[in-house]
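Presented below are the structures under discussion, each in the form of structure tokens.
Okay, so subunit A shows up in both of these, paired with subunit B first and subunit C after.
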Partner chain A sequence: MIESFVAPFEFGFMQRALVGGVLVAAICALVGTYVVLRGQAFVGDALAHAAFPGVVIAYLLKGNIYLGATVFAVATALGIGLVSRRSRVSYDTAIGIMFAGAFALGVLLMSTIQGYTVDLFGFLFGNVLGISRRDLLLVGLLGALVVLTVVLLYKELLLLSFDPIVAEAMGYPVQALNYLLLGLMALTIVISIQAVGIILVVALLVTPSATASLLTERFFRMMLLGILLAVLAAVIGLYLSYYLNVASGAAIVLVSTCLFFLVLASRRLRIAAKPRA
Partner chain B sequence: MEKKGGQYCLEVRELAAGYDGTPAIEGITFAIPPGQMVGVIGPNGAGKSTLFKAILGLIPRQQGEILLHDAPALDQRAMMGYLPQLEEINRAFPVSVEDVVMMGRYPRIGWCRRPRSHDDEAVRQALARVELLDHARTQIGRLSGGQQQRAFLARVLAQDPHLLLLDEPVSGVDTTTQHAIFALLEELRNSGKTVVVATHDLNCVVERFDQVLCLNRRVIAYGPPKEAFREDTLDQTYGHHLMIVQVGDRRVVVADEHHR
Partner chain C sequence: MRTSPALTAITTLLPLAIILAACESRPARQSATPHKLTVVTTLSVLADLIEQVGGDKVQVKALVPPGGEVHTYQPTPNDIKAVAQAGIVFYNGAHLEEWIDGTIRSAGKQDLPIVVLSQGLPTIVEADNRPNPHLWLDVAKAKAYVEKIRDALANVDGANAAYYSDRARAYLAQLDELDAWIQTEVDKIPRARRKLVTFHDAFPYFARRYGFSVHGFIVASPGKEPSARELTDLARRIKREEVPAVFAESQFNPKAMEVLARDTGVRVVTNLYTDSLGSGPEANTYIALMKHDVSQIVKALR
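This part shows the complex of A and B:
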């Protein structure tokens, strides 16, 4: 029994996958707390898709894929803000325009490469089992940057998320803080691409935090619970991926989805079972 | 020109503000000495909220000057406490009442720092003043409308500002709470705070406020209620919908129902 828990991690690639998966899941859930409470799931999905042309261009130029993804995700984050502020187009329409356009550019560029599309598909759907030492180092460094920012600006980001109008009235640079949060989202997405892929990253960003929001009414606890649930999903997902030989990113996401519905159902049951006072 | 240093808490000069070029309010000039309670009255759309937001820098100022203790107000926004007319919050947001009130302390605590014990104490005192101590750990969305309004007022109290800008703090609140809130505002005024309140309750303004600002896109009248409330100023502010009735030594403003 214990054997089957330990066995997978005798392989170096599985150890790296475990460390990488857990790190990525935890950071996604940390930032995801803000994404969920600010209702920005669509923004997260958009930033992820917008990173794709950056990946393809970096691949074409044999450059650093993470750098390419970062440039495009951050540029899109700024672009969404600009388009919606400078024109009559609404925020979510601006997102739709920007992210579909950017993603199409990525697909277009990808179609010019012959024979190498398999690697690029890896970035769309992720493969945490293929995570390298260098990848891990980068995930660790950028992840630490995200965590440090959240720790230092905990109060300010909480106020911004809860009541941006009063935050501005108190003199906080609300616009800059909004862009900072978008930047954190972009960074988080970039470091998640290898593990879960562009298409699925929004699930890691949103699902564990949403599950946590069903379990507590306190912000800090929601953050911790979200991280815990995300780590749990990453670990279970990895085992499933190993023993059932299925795609790792999809397995992690699906475990996370199952946890959400389990919590939702148990809450419903508890409410139904509670005698009415 | 003679320098009147420190004479006024808030001074607004020739203010015009609004979105998209057309000012919603213009030519606004008035000055409030410290320790006064000022009512801002006017019909819906007169620009009461716009005036508050312009003072706080929430909407673009097109013209004029706003000074807080003789210095630009926008440089010292933490000294102004604001209660919006409608708090557009996500009611499911996972914060307790005391968390919300603590947010009022944030500017004083400063960037990157944690609340300390005297901040906790300030929060407790603010909660006690609005009688919400029993609900300190309740999630904010579980409060009734009136309790929520008091919680947000407590946040302003915890901020300990020089100037309080309260946009219709008693709308949608039961009469008992209304009186409690006005009594609290009087206490604040007596302790030296400057309190500016947008309200529809003209009789309350007559009885409790030091000054009244009659607003309808511009300042129609500004002064002590007994002087500022005249048939002609009320006519200009509201159109012909209000009457002043003298009842004994009380002067009462009533809506002229035939015009509704």
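This part shows the complex of A and C:
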């Protein structure tokens, strides 16, 4: 029994996958609480796709993948704000324009590479098994930066998410805080790309927090519950991927999805069972 | 009055197109090198074999450039054009170039001679019921390729048949020498240490001819990422079967192999050439490639 819990983690790459997966899931859920409250799932998806050309350029120049991804994700976040404010185009249209454009640039650049491009597909779908010690260190550092920001600006970000108008009236720099949250999202997405990939990262960002929001209305509890659910999904997903012999990133995301529907169904059942007043 | 740019384009291009079409239909195309046979192939390794036989009577183009990856290659419009202008096309077959049928079809050239070099040779069939395509890493099989190339070139360019035959004879003798050299080099490795773990499954023919056993590979076919289970099983096998070293091929990212080597504590060599020639002198011909690989393998395993 114990053997089957330990067996998958005999080698370094699986241990790093576990540590990396758990770290990434927890940070995603932390930031994801804001994303869910503010209804910004589409922005998250957009930033993830926008990071792709950065990854390809870094790959071409043999530079740091994370740096390239960060530059493009942040630039796109700023670009979305700029386009929607300076034109009559709505916010979600601006997102559509910016992220599809950036993603197309990534695909175009990828087609210029003569050699083996499957590594780049790894960034689309994630390769949690390929996390190196250096990747882990970087995830840890950037993750700590995200956590620190959330801790220091907890009150400000909370007010911004629940009632931006009151926040503005109280003299908070609402615009700057908005950009800061976008920046945090971008950073979170960048460190998650290696684990679950560009296409699936939005699931890690919103699903555990959304599940938590079904269970509680208190913000702090929602955050903690979200992190717990995310870590649970990462661990179960990795075990499933090992024993069922399936892709790790997708397994983690699907466990998270299942948890959401389980909670949703149990809430419905409980409501249905309650006698009408 | 200004003429529209579209009209200008049509009036200039139409006569040009007619002239080009006229050139195309003539058997020997007029160019700077009038009597060369234009040969298109897929791999740079095959291009070298064809050049060794064809000498200065042929103009060979490999669609996949040196350093490129053949299994996952995406042909460009230029590739289709090259096939359309070719006098003969050679490719390896055995599911190596899954994209070649579409390229030839797109080129749409009637009665283009096409030679599939692996056709008719005995193949090693994989677990998924498909033949392994890397026949040329066994020099005896490469010799069979050379004989096919010789016959095919003589067939489409009968005037130079004797030339091709002479060059093929000389080259086959060189390949015999290479074959014997590899065997003496491999004999320097203790029998128990003749074990291969590589990035993709390129070495079964090589292993069978020169007495190695293949103990695994990271990807079953390029483009398919290994699962957690597959990678763990491979790491276990490396430890259990005491594989002395692991090898990565130069056209792939060495990261996965380096990580595996570190986690299992074995040596790693990341610059074997298999499907594509190198750009440097260490592997810019088929013979140089084989010598380079064998030297690397012997150095790591002996």
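Keep this in mind: the second predicted complex is superposed on the first by the 276 of 277 C-alpha atoms of A that agree within 3 Å, B and C clash if a C-alpha of one lies under 4 Å from a C-alpha of the other, contacts with A are read in each partner's own complex, and residues count from 1 in each chain.
The rule is simple: a contact is a pair of C-beta atoms (placed from the backbone, for glycine too) under 8 Å apart; a residue touches a chain by one contact, two chains touch by 3 or more.
Treat the numbers as computed from the prediction; the structure is a model and nothing was measured.
A.B. asks: Quick check on the superposed pair: does A:243 touch subunit B, subunit C, both, or neither? Answer first, second, both or neither.
C.D. replies: second
A.B. asks: Based on the superposed arrangement, let me know which partner A:169 touches: subunit B (first), subunit C (second), both, or neither?
C.D. replies: first
A.B. asks: Can A:156 be said to touch subunit B (first), subunit C (second), both, or neither?
C.D. replies: After superposing on A, A:156 lies in contact with subunit B but is clear of subunit C.
A.B. asks: Once chain A of both complexes is superposed, is A:111 in touch with subunit B (first), subunit C (second), both, or neither?
C.D. replies: A:111 sits against subunit C, while subunit B stays out of touch.
A.B. asks: For A:130, select first, second, both or neither according to whether it touches subunit B, subunit C, the two together, or no partner.
C.D. replies: Second partner only, subunit C.
A.B. asks: Taking the stated contact definition, name every residue in subunit A that is touched by subunit B in one complex and by subunit C in the other, in rising order.
C.D. replies: Comparing the two interfaces on subunit A, one with subunit B and one with subunit C, no residues are shared.
A.B. asks: Which residues of subunit B touch subunit A once you look at their complex with the stated criterion?
C.D. replies: Against subunit A, subunit B makes touches at 56-58, 74, 76-78, 80, 82, 84, 87-90, 92-96, 99-100, 103, 106-107, 109, 111-115, 139, 155, 159.
A.B. asks: Applying the document's contact rule, which stretches of subunit A touch subunit C when the two form their complex?
C.D. replies: Touch list, subunit A to subunit C: 8, 10-14, 17, 111, 114-119, 121-122, 125, 127, 129-130, 132, 238, 241-243, 245-248.
A.B. asks: If you look only at subunit C, which of its residues touch subunit A in the complex?
C.D. replies: Spelled out, the residues of subunit C in touch with subunit A are 64-65, 67-69, 72, 74, 222-223, 225-232, 235-236, 251-253, 255-256, 259-260, 262-264.
A.B. asks: Mind listing the subunit A positions that touch subunit B in their complex?
C.D. replies: 37, 39, 152-153, 155-156, 158-159, 161-163, 165-166, 168-171, 213, 216-219, 221-222
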